[in-house]
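In the two complexes that follow, chain A is the common piece, with chain B as its partner first and chain C second.
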Partner chain A sequence: MTNRPLRGSVPPPGDEQTPKGSGPAATSARAPGTALSAAAGTAVRGGGAGPVPVKSRQAGAARPGSGVGSGVSRGAGRGLGRGPGRGAGVGRKSPLARGGWTPWLYLAPALVVLGGLLVYPVYQLGLISFLEYTQAQVSGGEPTTFQGFGNYATLFKDEQFWQVLLATVVFAAACVVSTLALGCALAVLLTRVRAVPRLALMLAALGAWATPAVTGSTVWLLLFDPDFGPVNRVLGLGDHSWTYGRYSAFALVLLEVVWCSFPFVMVTVYAGIRAVPTEVLEAASLDGASQWRIWRSVLAPMLRPILVVVTIQSVIWDFKVFTQIYVMTNGGGIAGQNLVLNVYAYQKAFASSQYGLGSAIGVVMLLMLLAVTLVYLRLLRRQGEEL
Partner chain B sequence: MKLAHLSARMAAPIAALVVAGLTATACAPESSDNSGGKDEKSGTLRVWLFQEVANAPKEKVVDGVVTAFEKSHKGTKVDVQYIPVETRAEKIKAAFNDPKSAPDLIEYGNTDTAGYVKDGGLADLTEEFTDWNESKDTDPTAKQSVTVDGKIYGAPYFVGVRALYYRTDIFDELGLDVPKTQSELISTAKEIRQAKPELYGLAVGGAYTYGAMPFIWSNGGEIAQGKGGSYASAIDTAQAQKGIKAYTSLFGDDNCPAAKCAGMGGNDTVTAFASGKAGMAIGGDFSHAAIEAGKVKGKYAVVPLPGVKSGEIAPAFAGGNNLGVLNSTSHRTLAVDLMEQLAAKKTQGALFDAMGFLPTFTDVRQDVAKREPFVEPFVKTLGAGAKFVPASAAWSQIDASLVLPTMFQEIVSGRKDVAAASKDAAKKMDAAFSSAG
Partner chain C sequence: MRRPWRLAAEVSALLIAAVVAFPLYWMVLSAFKPAGEIESSEPRPWTLSPNLDSFRRVFGQQEFGRYFLNSLVVAVTVVVVSALIAFLAATAVTRFRFRFRTTLLIMFLVAQMVPVEALTIPLFFQMRDFGQLNTLGSLILPHIAFSLPFAIWMLRGFVKAVPEALEEAAYIDGASRRRFLWQILFPLVFPGLVATSVFSFISAWNDFLFAKSFIISDTSQSTLPMALLVFFKPDEPDWGGVMAGSTVMTIPVLIFFVLVQRRLVSGLGGAVKD
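Moving on, here comes the complex of A and B:
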């Protein structure tokens, strides 16, 4: 998890009684690119005339935004709320008693930005999900009315919702597993091959990564087109339609999703592997460990924080897949057989401006993703490893 | 991640922050006021028209009208903007949400009328439309497309209608006659497929609602019945089911294999015909350019889609666009005036010459059919009585959640029979009608 500094990489807060100026420097060096830390760093720098002790403590407080050390720093917002808790974890007195409102002052810019960009939209989403709120209400044609859990009741009573939910979970799980397996395998491969093939593989992967989802989906569809597609010609399948059957359509979309999301896993894991000291790997091979054994017993544990990040990232991405399904199965497939939650939400709610119902679906998705993430982190912690 | 550590120490400031956030912003999502009110007699009139694929000829016609309008209305300036068709829904919703930057006059798709009226976006122009001296020649279906609950919300701008395109060369080669009834149409389609298995006999699509509707209407079925805002689905009546059966019988290896055709929409069938992959297709007057640009140029003809009995024409869906004045306008009189100029007989005639848009006035349409024989089958189809979708705000919901395509696809893929699928569709439609009114 990004809000936890790697063990040993950062001294615990409080023992940083460094002279004026090193606080901000430490912050910015440890948290490259994270919005929270960068903003907090600026705040600290801006308040350069403040009293030295408070300031150095503040530098500690701002640190939890820093990443796992790999330079991957998506989801900067995860540091919200925890930072001050850790930073202030020195004493048990109330912030006021310690004169501790100053940290909050310094954090304010970052909190305002996060509040505006994260908390407020989520709050509005929740609020709208309890209202009858369609285009007629937005443009003032009809008054907005409070529905209680009406939108949720409509949603949960729709049996199609449950089918779609199941399909989404299974499909996302398949995508995550395939993406991680392929990404990790190719990352290991990258470390094993010479410069030229490595460069070729990197370029190919980056090309796939850089391709917009709509373009990628259209190209895949064309490749598998029953009339003009080269795949059918090569395999001698005649005019077999890949999008007609439910599972073959899902499989086709899965291929595309994996194709466009494995590069992120591959590049991140590759960077992680390069940071593993060669001595360790050397020792493992001297002990006669196979490639699989090295991965399982040496690399995977050492790369754990990175793997956690890419897994959660993949779960979130694949759960929210929209473009690929929408483009490749023509808005949900034959008779809606390939609907996933996001496309369902779009069709059911947003395309016909039922924002209340759409928000209810959004809230349900948000809660599910939060739950999945929390359970996953819990499980990892229970295995004894501090991230 | 241990949330238990989130102690009271933290809770207080967070609570304070949340409270601050709530007071700083409004607690409820916004509703805008579209009531307008003022009626200024000079100033700038803002107009949004759709950006067509080749828009220059349309602009020329519109510019002519605008110049004349500005000359006859001193102190008035007209600012015309062409908005992309793909994003029109978002743009027009945004205009309803922000009346200050909204236009005074818009072009809109005629299936959106009821939805926009419910949104409170369009002004009631019943009086002005009735007083307009040209409106008496408006074709009744076109008039129906601007009418909701007996009130009129704009002026029809042009109509679009579908008919049967067929390959003259293939019909000659196989010695086939142009089908005169629905059953002949189906058997001819299968004959073509049998003689030329690389072709679809009649290209059909499971997602091609407007290509399927004539089959239902010609068998006496309806999408929905009712008046005065409350509709009830009629898609599962015996007549409608007969039509559904006729349409879905066209999916199969003997005409248009379900594996390929179940997912096709209207454009796909037209593309298949244009690229020479189909013996027949149901296409619109607006598909003409696409088909002319394809392989089949010069090898096809068009007739009205046959009905159940010989000599009958299957009722077609009357698509097209309307012009309407926004509720929020501060120049109502001027906007209505300009709307009447833009939708006038003379302008519609010029638009037909420029863009091929079929006029909404019966007499103008007959004139252009004489000038341009190609449109004759379409004009005939309209003359035989075209149909329209239910004038309910629920229609956009039914359309967006693909109720009818899902029904056709369930049947042609063998998941459900006609009775079960149409019953399910009717249930979904009724739910939409009762929630949207």
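Moving on, here comes the complex of A and C:
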């Protein structure tokens, strides 16, 4: 978003009453417009998103304000396509535009922390990945030598790396799909039941969500323990070991990951569904739309921004699963059969002191997640999201 | 909706709730079971002789109280500091228009995606150079940094939802910028801060990788996840001890969640919007 149109329309100081007065008027004038454009596909955000924060927020009055705010700046962002009514709306930004150094002052702590503990380590990670960096270099016994792409070459020639990479992608994809399917289905279920079952499911899900990854892993291991676990007894599997086989071990970890990550999806999607104005749904059912049709043509488009967010979050979390694999398969399974990239990098770096190689794996992960991010940004932009 | 359908939906909701809650139930149950009942080939979903042996073992054999306190210090510091920093930053990017604003926002988004775990290696050396290895600082600092981008991104929605007219009115009434920030905006955004803090609390409380990598020799600085795994030997785990430790570790998070539950649900809806 450029700041030019905003700056340009800053009224003189004495004028502040005017834009303030015109604020509510502009609101009511634009409100139907937003509602209309909501029906028109991409702008669904404007209509669908407006009421979301209102539901149970103290700042109940926020709705018109934020609705207009985003509407206006979106208009400004698109450049010159400003209707007659919009000029006044832009003027409302007046006290905000004159920040001077203030925003940077507010940002300073965040930037310092992020610069020192995120950007700099990323740079270091890249650097180390180009070095010969093992225990000898760490202790200062040998000088560090520049390797160029040596670590990467070693990595890409290693068959195990490709296996681990494939396992990571497949495992993460399976986790994401299961988590999303379960989370969305249960969110819909939550809207169909009365208070008591809803509370029960909500509390159970919060419990699963709250469970730390380490304890969740140990509990699931106990549940599926070949000797003392209840699951094998119930299923009559005798002393079948779940962690022995590669796929059953992955399946066990998947169950745990889904168990502790579907609540986020469920709660978020449920909050999103609840925020859809009931009038819209009533109108749809009055018009004779079936339940499925309502979900597909009304809810799904309105929930799309939320679905995008939970999908991306799930991708990021599941791609980086570390604790569950580490604890449940005891550091990557028998002969490393259950390694994922994260654990692999850790093992290379800290268990066998090949810090350069470990960093190279880290860089590969970083690049892959960066690609996901770019997709996300494109999706946001296509939705006409205002940053 | 027709009656039988709703009934079916409610029954299945209750069943699913039971299944989802079962691992937690089993954890607490096993923590109270006597050793003989845990390690029995006929596990029963109840116990007739609950006792505190496992808890005694956990607290006796290990300085579990101390680790608990360490974990709490790390998590609370991370939550408070990152909430304050994120609040300021979110205010800056939503209430002001300035150069590079959009660039910064995109940077925050990208920063969220950085695999924290991959940074363990450089952070290890950085902490060593700062002399922070084996201290709680080595856990607090990275967690503040890693919870910031998500917190800022989430808080944006909350800060934006406060009407600008309110800000103008405050200035017209003669409030300074700082006064508006702390006495008007902060209380209004507080529910959002709570929802956000859930995430930073969890990531700090659950942290296993940093604790494992940075607290290498000084066990007095250890946190709960590491202490728990002492009982978890791959070949012969002390299940009673592990479950008792797990229970101790899970309860604070559960309490925290139940306390903020309502704000979490509404908060997520609001944050996701933007």
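A few points about this structure:
Here is the rule we go by: the second predicted complex is superposed on the first by the 249 of 387 C-alpha atoms of A that agree within 3 Å, B and C clash if a C-alpha of one lies under 4 Å from a C-alpha of the other, contacts with A are read in each partner's own complex, and residues count from 1 in each chain.
Here is the rule we go by: contacts are C-beta pairs under 8 Å (C-beta built on N, C-alpha and C of every residue); 3 or more make two chains touch, one makes a residue touch a chain.
This is a predicted model, so every value here is computed, not measured.
Once the two complexes are laid over each other on the shared chain, residue contacts for A:122 go to chain C alone; chain B is not touched. When the shared chain is aligned, no partner comes close enough to touch A:285: not chain B, not chain C. By the document's definition of touching, of the two partners only chain C reaches A:306; chain B does not. Residue contacts after overlaying the shared chain place A:114 against chain C, while chain B stays out of touching range.
Of the two partner chains placed by superposition, only chain B is touched by A:144; chain C is not. After overlaying the two complexes on the shared chain, residue contacts for A:297 are found with neither chain B nor chain C. Counting the residues of chain A that each partner touches, chain B and chain C differ, and the larger count belongs to C.
Of the two partner chains placed by the overlay, only chain C lies in contact with A:233; chain B stays clear of it. In the overlay built on the shared chain, the residue A:244 is in contact with chain B alone; chain C does not reach it.
In the superposition on chain A, contact of A:102 is made with chain C only, not with chain B. Shared contact residues of chain A, touching chain B in one structure and chain C in the other: 1, 3, 95, 104, 111, 120, 124, 128, 138, 227, 330, 377. The touching residues of chain B, counted against chain A in their complex, run 1, 5-7, 9-10, 13-14, 17-18, 21, 25, 27-35, 93, 96-97, 115, 118-121, 206-207, 257-260, 262-263, 265, 277, 393, 396-397, 399-402, 406, 409-410, 413, 415, 436. Note for the complex: chain A touches chain B at residues 1, 3, 81, 84-85, 88, 94-95, 104, 111, 115, 119-120, 123-124, 127-128, 131, 133-144, 226-227, 239-241, 243-244, 329-336, 347-348, 351-354, 374, 377-378, 381. Residues of chain A touching chain C in their complex: 1, 3, 6-7, 16, 20, 23-24, 49, 52-53, 55-59, 61-66, 69-70, 92-93, 95-97, 99, 102-107, 109-111, 113-114, 116-118, 120-122, 124-125, 128, 138, 186, 189-190, 192-194, 197-198, 200-216, 218-223, 225, 227-230, 233, 259, 267-268, 270-272, 274-275, 305-306, 309-310, 316, 319-320, 322-323, 326-327, 330, 342, 345-346, 349-350, 355, 358-359, 361-363, 365-366, 369-370, 372-373, 376-377, 387. Chain C makes touch with chain A in their complex at residues 1, 5-6, 9-10, 12-14, 16-18, 20-24, 26-27, 30, 38-43, 45, 84-86, 88-89, 91-93, 95-99, 101-102, 104-106, 109-126, 141-142, 144-146, 148-149, 152, 157-158, 160-169, 171-172, 177, 188, 191, 202, 205-206, 208-209, 213, 224-225, 228-229, 232, 234, 237, 239, 242-243, 245-247, 249-250, 253-254, 256-258, 261-262, 264-266, 268-270, 272-274.
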